[in-house]
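For reference, chains read A, B, C and D in written order, and residue numbers begin at 1 within each chain.
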Amino acid sequence: MTPIKISKGLDIPIAGKPAATLHEVSHEGDIAVYQEFEGLKAKLKVQEGDLVEHGQVLFIDKKQPDLQFCSPVAGTVKAIEYGARRALYRVIIEPSAGDQPVTFNRYTLDQLRGIGRDAALENLLASGLLSLIRQRPFSRIADASVTPKSIFVNAMNTAPFGPDINVAVQGREQALQAGVHILTQLTEGPVYLCLAPSAAEAVRNLDGAEKHVFEGPHPAGNTSVHIHHLDPMLPADQVWNVKAVDLIRIGELFLNGTLPTTSVVSLAGPGVQETARAHYRVPIGMPLSALLDGKLESGEHRIVKGNALAGVAMKSAEHVSAIESALTIIPESEEQYFMGWLAPGINKLSASRTYLSGWNGHKREWKLTTLLNGSYRSMVFTGLYDKYVPLNILVDYLVRAVLAHDTDEAISLGILETDPEDFALCSYVCPSKMDISGIIKQGLAEIEKEGI
Amino acid sequence: MQKADRQLITFALTICVTCSVLLSAIAAGLKERQERQVELDRKMNVLIAFGVDTRDAETGRRISAERVEQYFSEQIREVVLDAESGREIAPEDVDLVAIREKRQLPLFKWEEDGEVQKYAFPTSGQGLWSTIYGFLALERDLATIAGITFFRHGETPGLGGEVDRSWFQEQFVGKRLLDDDGAPVRFQVVKGGVENRYPDGNEHAVDGISGATITGDGVARFVTEDFRRYNKFFETIRGS
Amino acid sequence: MATAKKIISDPLSDNNPITIQVLGICSALAVTVQMETAFVMACALTAVLTSSNVIISLLRNHIPSRIRMIVEVSVIASLVVIVDQVLRAYLFELSRQLSIFVGLIITNCIVMGRAEAFAIQNPPGKSFMDGLGNSLGYSVILLLVASGREILGSGTWYGLNVLPQNYLGNGLAVLAPGAFLILGVIIWVQRTVTNNFKDD
Amino acid sequence: MKFLLKRLHKNRHLYEPGGKLEALFPLYEAQETFLFTPPHQAKGAPHVRDGLDLKRAMMTVIFALIPPTLWGIYNAGLQYNVVNQIENASTMTHWIQGAMIVMPIILVSYIVGGIIEVAFCIIRKHEVNEGFLVTGLLFPLTLPPTIPLWQVAVGIAFGILIGKEIFGGTGFNVLNPALTARAFLFFAYPAQISGDAVWTVVKADNVIDGFTGATPLAVAAATPAGASVIDALNEAGFSWSTMFGGAIGGSIAETSVIPILLGAALLIAMGIGAWRIMAGGVIGLTIAASLMNLLPADNFSPFTQLPFYYHMVMGSFLFGIVYMATDPVSAAATNTGKWIYGILIGVLAIIIRVGNPAFPEGVMLAILFMNVMAPMIDHYVVQGHVRKRRADIEARRLSYAKG
């Protein structure tokens, strides 16, 4: 397998890479299930005080009513909380011994090679795990009524930081293989498996998928890059994608017939004590406070669900996500440096060569903080962004088209092939400190609303 | 033919006829005055070249047409020369096209007490962007410049456009177009100033306009050339 | 009469033919180097515009609509030629400086525009007011631009020295782009002050 | 430094909304962010940010301007001392004399420009943008040392008002403000700046024999038909090597090639200056000048016969292409666009220089003209990209479908 080499991009040398070790974490207390999907309108199926079984439906998607979101644990619905505009925020469940877990269709590994699309979708919808599969364009939950052109499995991670599939797959090799088989049932096209050069044998030897190795700096591990190089999309195309770590859970569902209760989470970032930077198998929905207790450095931190580039800041009172398996902890900072514009820049990391660190600083690790390193300014067209997006896209002009609400232009410039996370590096390097990902996200939302 | 069409044509005809009659009448009525104005303008510029103050010192207004005519009837005599032979042409042979092509050369003589004191002739030529028009007046010796005026041009304001400024024109007064042997010189408009190039002075050169070398070169060239055209005639006068 | 007042005042700022409708720019650029030429041009345009408005208004019920435009042009052209001839006979030097721009009043959108937009459907009295108002709107801007250009360019105003003798003339103000710039600044200031500027 | 920061913060409340000096917040912000990096945090993703901000980027341009500025100061003094025949002038006296000539020009530019910039920031209630620091230095460096100070003030005021603020401020301007300012002076007061006059400060009563002081471009443009421009230049004291070295009269920072190349190297090394534009300019100039050389010498001005390596070191070409043409706000932004933009600047500069005797310095006009054209170039590059992109995807899918 000759690797596909990606040259554009940047590996940010941020400290806090998670070790390749896996620790089991158990939890006795309350569990929370979040409505964490953008654009999803939830319809509740339980009330406060109800007893729920493991695998029982908590809420459904109004748009795709077959898609059910289920409880990962048996217990009592302790509280239902709402966010802005009375939208469901989360359901808190106090675990107790259940009578009978809700079961799903169970298959052997061999059966899975040919169960057919309908059987595969039935389990995925009933369990809610279809929500782990995303659909391009717009990166929404896969639409069961659509047969995708192809499916991309992302078995690599180049962003700082995410779980390592080599660690997560340990002991779950069969489940991952089962997941790949299920995907082959969902599309008539190929299932692509995108691997890092370091992929373990268990991942490398998976059966049923077309395997490709991607090599290079971030965003070589982003699905958009894989799609772009393997099977580029035209505006009318629809493609599904799923992360390999999530595919393990899908495989477990089909092999065991019950909803998986745990997921592998990577805990990383400069805010985590060095010894605690590792992978954890945790009960889905457990409180962050319980997981993070005693593992962080002193000081104020930002807890990020996902990686440092594209993740979402969380409150410490929140819980482990059901769909995102990375936690990144970044120290907060408001430090002001004297005459920063004059400093040689030995102690300040920059990808630009205006700082000394831009010349050789990427060889060592940096304890980066949330400091913006500048002020917001108006956009200057420099072509700088293009160096960080290996997608044959003129980023400046795409951004301008979105800002001008020129959706036709944005589509012809290729916005539908992208995901906001692909532009995270642009925001990272932007001297005007623009939120490029946010602009692209807004553009995608506008196009989705207007229809293509 | 329908009634509407007939009305339309009648109306159109009426408008056309009314307009043309009105315009013809006005044009005919004003023609003489307009021609006088053109003539007056030309004469005014000749007077300026001769060094007559055409503006009233107090009011700043131009002198009256009567005064101009008075100068021309009393002190100025206009003749036209044949460029080839250098002789005066009979008034009936004067041809405007030939004058424009410089085959016939108009010449103005300034007379005092029956004697010619100064001569003036039109001079024109290419500057940088446009043709520059002017009059050049000579002293009685037919070599020393008595005055020069440039009254029409399209040069860059602030650069070549400075040719119509008095500082530029006044330097010409007293300069000579013949050398010591009586041969016509190549007159010069010197970039960077006469003083710099000729520390001892030069009576065949004036200071150029900074930033307008080509305009200056043009002026020097056409003044020299036009003088040479007239010089054939001047030699006969000097000879007599 | 409120409407008559409005007919005159409206084109002065809110609906100024030059700064708001951006018409008649060509002559505004060409004749504004000095106040004198600008003033004569303003008078010429006022004469043409008011009389063309009045004449076309008088004829409005007789003009067959099929040849409406051509009649308007004939009237305007005749008036312009008359003005041009008179200038040549009585203000020769100025007419030479104004050169073809007096003749080009024929194609000045303001004149034709007012004839089409107003005079053709209003009585002579009102049309006269409208012509006068628009002429004034045009003249004000023309004279403002000319003031700016003459003062900046030559240090004089209407031929009178208003700046110290050793003032160095600004050559840009004398060139046509200078008129563009001054006009642009006038439009900028006017739109900022009246907040008349609408995006899209 | 903690002490200084504390003092700054102590007064901050005065300038914040509701404070007594609320209207002057841009001034406070400017001084605080001049002294200290701002304390802002990344609001959302990405949660870590690169160290580079626009202030640093602009300061890099200023650093890159230091070598030509220093040379300009030295040279202004040197020219003064030579022309005025100052006896026993040492290097030190050149420096002092030059500083006395050049520093007031730079100061006037900064003070007048700064007042206007801050005034607009206060009216428009936004932060003082650092772009003005570059404009305020670039502009005086393009002026001859003989420029009257009032013209510097008028020029920078025009450049910032008409070149920038009228369009809405930094980032929205079409033209490079420094060049707009220079073009304004060029057309408004041509006698002082067209390159034909004496460009060395001369004491009123001390003019030496034969000193004409025209710049090389003026000499070249005025070479009479039939003569060789190189000979004319040599006669006027401008050999290729003297023009390369730059100890001649000219605009403050444009005369010497070496410090400009130093600055260019710094800009390219730091990744701030667009090397494609610089390279494009050099290529465009070379092509255009070489094509001109092919014209029959008899029918055209001798200036057409001048080899490109002379054009390269004459006038403000290098200074313009390195510092002015690369201004990211007014230049082309696409990579292909940058090549086209740079090449056309080079070509146009030569055409204007050689073909238009009234404007011996074509670089400024070429850059301004291409500033206006840059959005159009980019538009076509982007449309080409869109077409190619789609064709590419379709072709790849087709080949994939075939196996």
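Operating definition for what follows: a residue touches a chain if its C-beta (ideal position, glycine included) is under 8 Å from a C-beta of that chain, and two chains touch if they have at least 3 such contacts.
Predicted model only: the values in this text are computed from it and were never measured.
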item: Other chains in touch with both chain B and chain D; value: C
item: Chain nearest the overall C-alpha centroid of the shown protein atoms; value: D
item: Chain B and chain C: spacing of chain centres that average the CA atoms, whole Å; value: 34
item: Where chain A and chain B are represented by their mean Cα positions, the distance between them in whole Å; value: 87
item: Where chain A and chain D are represented by their mean Cα positions, the distance between them in whole Å; value: 47
item: Length of the line joining the C-alpha centres of chain A and chain C, rounded to whole Å; value: 66
item: Per-residue multi-chain contacts in chain C, two or more chains; value: 171, 175
item: Per-residue overlap in chain B, given as positions that touch at least 2 other chains; value: 156, 158-159
item: Interchain pairs in contact, sorted by label; value: A-D, B-C, B-D, C-D
item: Complex contacts: residues of chain C adjacent to chain D; value: 168, 170-173, 175, 177-178, 181, 184-185, 188
item: Chain A residues touching chain D - in the complex, by the definition given at the top; value: 12, 14, 231-234, 302, 304, 306, 308-313, 328, 330, 332-342, 345, 348-355, 357-358, 368-383, 386, 392, 394, 396-397, 412-414, 424-425, 427-433, 435, 437-438
item: Contacting residues of chain D [partner chain A, same complex]; value: 1, 4-5, 33-57, 59-60, 127, 129, 169-172, 269-272, 274, 328-329, 333-335, 338, 378, 382, 385-386, 389-390, 392-394, 396-397, 400
item: Of chain C, residues touching chain B in the complex; value: 62-64, 66-67, 70-71, 74-75, 77-78, 81-82, 85-86, 88-90, 92-93, 96, 153, 159, 169, 171, 174-175
item: Residue ranges of chain D touching chain B (in the complex, touch as defined); value: 188-191, 194-198, 207, 209-214, 218, 221-222, 357-358
